Amino acid sequence: MKIKNPFFVKREYIYLADLMNLLNVKYSDKKKIKIENIQDLSDASKNDISFFNSLKYQKILKHSKAKYIITSAKYEDQVKLYSNPIIVKDVLKSVYSIIKIFYENSLNDAVDLNVSNPNKEIFNNVTFGKNVLLGKNVKIGKNTLIGHNTIIESNVVLGSNCIIGNNILIKNSIIGNDVRILDGSVIGKKGFGFLPNQNKNVRYPHIGMVIIEDNVEIGSNNTIDRGSISNTYIGKNSFLDNQVHIAHNVRIGKNCIITGQVGLAGSCVVGDFVQIGGQAGISGHLKIGNNVKIGGGSGVIKDIPENTNVMGYPAKNIRSFLKKSKNGR
Amino acid sequence: MKIKNPFFVKREYIYLADLMNLLNVKYSDKKKIKIENIQDLSDASKNDISFFNSLKYQKILKHSKAKYIITSAKYEDQVKLYSNPIIVKDVLKSVYSIIKIFYENSLNDAVDLNVSNPNKEIFNNVTFGKNVLLGKNVKIGKNTLIGHNTIIESNVVLGSNCIIGNNILIKNSIIGNDVRILDGSVIGKKGFGFLPNQNKNVRYPHIGMVIIEDNVEIGSNNTIDRGSISNTYIGKNSFLDNQVHIAHNVRIGKNCIITGQVGLAGSCVVGDFVQIGGQAGISGHLKIGNNVKIGGGSGVIKDIPENTNVMGYPAKNIRSFLKKSKNGR
Amino acid sequence: MKIKNPFFVKREYIYLADLMNLLNVKYSDKKKIKIENIQDLSDASKNDISFFNSLKYQKILKHSKAKYIITSAKYEDQVKLYSNPIIVKDVLKSVYSIIKIFYENSLNDAVDLNVSNPNKEIFNNVTFGKNVLLGKNVKIGKNTLIGHNTIIESNVVLGSNCIIGNNILIKNSIIGNDVRILDGSVIGKKGFGFLPNQNKNVRYPHIGMVIIEDNVEIGSNNTIDRGSISNTYIGKNSFLDNQVHIAHNVRIGKNCIITGQVGLAGSCVVGDFVQIGGQAGISGHLKIGNNVKIGGGSGVIKDIPENTNVMGYPAKNIRSFLKKSKNGR
């Protein structure tokens, strides 16, 4: 699914030579090569630059279309097999500096001051509560209802037949049809990502979106952060309970059931038909297979293969967890 | 405690024959029997229909006044001992279809569009902050204070001497005297209950209320869901800290102390004088006795008898938890 | 760092004899000794009264400047070594009764009814969203931005170059420069402290503040309670993710990274450069040293020395946790 990101204005292209110069990498470019974007390995097209910073993503590297890949010296040989490595000292820092060049307003992430009370006439059968604030160019499908005091920032897309509750903030999000979002949730704010620095941490750009597919339900007081470079996804017909926290770049499949106070750390990937019990947590960058059941309160710290039931901290096969806890009494 | 539910309009009665027809159960009714409501086993009166779907509720079944009880074939003999079983394939689905007949607006659970700024003159010494929105027929006792941007939906009852903070949403709730609810909490929204379905989950009706007794304190950013068929209760003089999540049908006794980020799953019953440490979780349908102390971070997955101190995940006797963790270092 | 508390009006002094009388302690005072404040052991000056109620604070007792110290009979000898003990039956109750005398409005902790839309002219280059409510005497530095629907109560101090999001409540707080607070957070409400009582718990006064230093970031839907007698601190350049709960009197050092859904219980002290993984919890009154790393989901129930990596519940050395959990599979 390729959805155009309407939230951040991208430069059409930048000359490779200019990027190399920015990264302090020696390079002479007689061909005037144009780079069109910076994207993660799986989303990158053949005129894009990407980056490789962990062996976890080796498989994806193999199939990436990116022509140039920023990496560190230790991965040079790896990357050479599939693409052209650009060797830098600090991969993440380099990536952020390139994002900032491509997306000039990417660090401008505060409060949308363009909001105002809705001009109801331009919408087709949309119901607005009191004190609703809409940004510029918000699209809302028919029969959708927006609750009181809710703020929807510029360029957000909302499908039809949605019910958006009260006191909600939505930004940087593309939302399907028949979606419900309950009171007090915050959708699409930037993720918790920055480069630590003794005097002043450097917040890095978050140019991703939150994509919510049809029939999803999001409970009350949830926080769903948008992606940094790629997007945060919630798949079709997945339901989230109250006080759930979904970090940046998380991808949740279809028909998942995520119970109250669950937390999913950055970039974890959850399959279809996954059930997660209350207060469970999943560490960053993990992969949870289809049809997995994770017991309430579990702490998942490694990948879980599909069709598995796990529980505990760290989460393990549910039978061994229950047996062990019985013996331990 | 029997409190009339003012939030959902109930039909006065439905003929048993019509209900049987709806459930596709063969039945001929010469007596024109009238059924007055559908309620859970303990709340049902003698002209009500109820349901039995788990051996956990065998004791309650024994004392239920319900004349007809929807159940599945495997529990037929059980139910026959005390009442008239109505055998269906899918108990929950049948129950929801009957609720929808009794309560025509039971799925209408979005945003109260009848709210407006309060007409202060009709209240006796009630103080309102800025931008307060009140639904129709809200009752508020004297000397109560409602904070800024707070929304109180139609038919809510609030006692006297209450302090309701800012940015709060209250719906489907009956609240006693001297209650404090702090900023950002969401009280009375529907619970996280639905019938999973591959294409589109079926949300089921939540016709219960939240009942909050006198002297209760609810912290900031809490979520307290109303009951599905029965109610969610918070007993007298119980105090809840911040970011607590109380699911549908939970019953909390008197004088409980529930610390920050605790989560109680659906239908669990907590006795009086229970103390629950921060971030602890209790699974659904469990019974926690009086005077129980549950240590912070615990995960409770079975009933806890009264006067017990537990800790750990799964929670066990606190002495064995601390001893084991000492040995394990 | 000594910051004057502008939120609670203090009596200039009270005669020691009057305090003794209040506490039912026999005492004759020919010198007309004036007591200027009640403070905790470390903050007390030589004309202040303080209190000692746990051996945990023995070291601090040794260096306290307080001339009079409320304590119970069992600590009398201890206190005598350094100061003048005042022996009472219930230390906390006595302390609260004295606070109430010094700070007459200390229990008045509801909703600031003095707020109104900002008079933008009196601020130097401050940007306000829609429906912002400001209390009296709020100070805001230049180039600061306040989001929509946000409430800032009377006497709050906000530095320059801050970004305060939408739907936020800030009270009883002193906030530095370059601070970001994200949407839906509640900063500075009273802590979860009270004297349990069968008929009606007695809420005790919270006269402390929240002090947030420069360059701090606070995520969405956080709750940061103010101190009871001393203050709650967030040190320079520390970053908090979403749904974090910080209880009263907590002190967080510089350059800390606190991930989503973490909870810190009352009065715990966290050093500099501490990293806390998602959903971890720290019990009350603990001390976490500098450079400690606490794994996600951990439950910390005792002090952690500096430069240590811990994980698990209860949290222990991370290597022994991972080894044990491997064997346990």
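Order as written gives the chain letters A, B and C; numbering starts at 1 within each chain.
Quick note on the criterion: a residue touches a chain if its C-beta (ideal position, glycine included) is under 8 Å from a C-beta of that chain, and two chains touch if they have at least 3 such contacts.
From a predicted model like this one, the values you see are computed outputs, not experimental measurements.
Under half of the residue numbers found at the chain A and chain B interface occur in both copies, marking it as a different-residue contact. Summary of the copy comparison: rotating chain A onto chain C for the best CA superposition needs 120 degrees, to the nearest 5. Centre-to-centre, using mean CA coordinates, chain A is 34 Å away from chain B. In chain C, 131, 149, 167, 184, 221, 243, 261, 279, 313 are the positions where the chain touches two or more neighbouring chains simultaneously. Taken together, the chain A residues at the contact with chain C in this complex read 110-111, 113, 115-116, 131, 133, 149, 151, 167, 169, 184, 186, 189, 192, 194, 196-201, 203, 221, 223, 225, 243, 245, 247, 261, 263, 265, 279, 281, 283, 299, 301, 313-314, 316-317, 320, 324.
Residues of chain C touching chain A in their complex: 127, 129-131, 145, 147-149, 163, 165-167, 178, 182-184, 215, 217, 219-221, 237, 239, 241-243, 255, 257, 259-261, 277-279, 296-297, 312-313, 325, 328-329.
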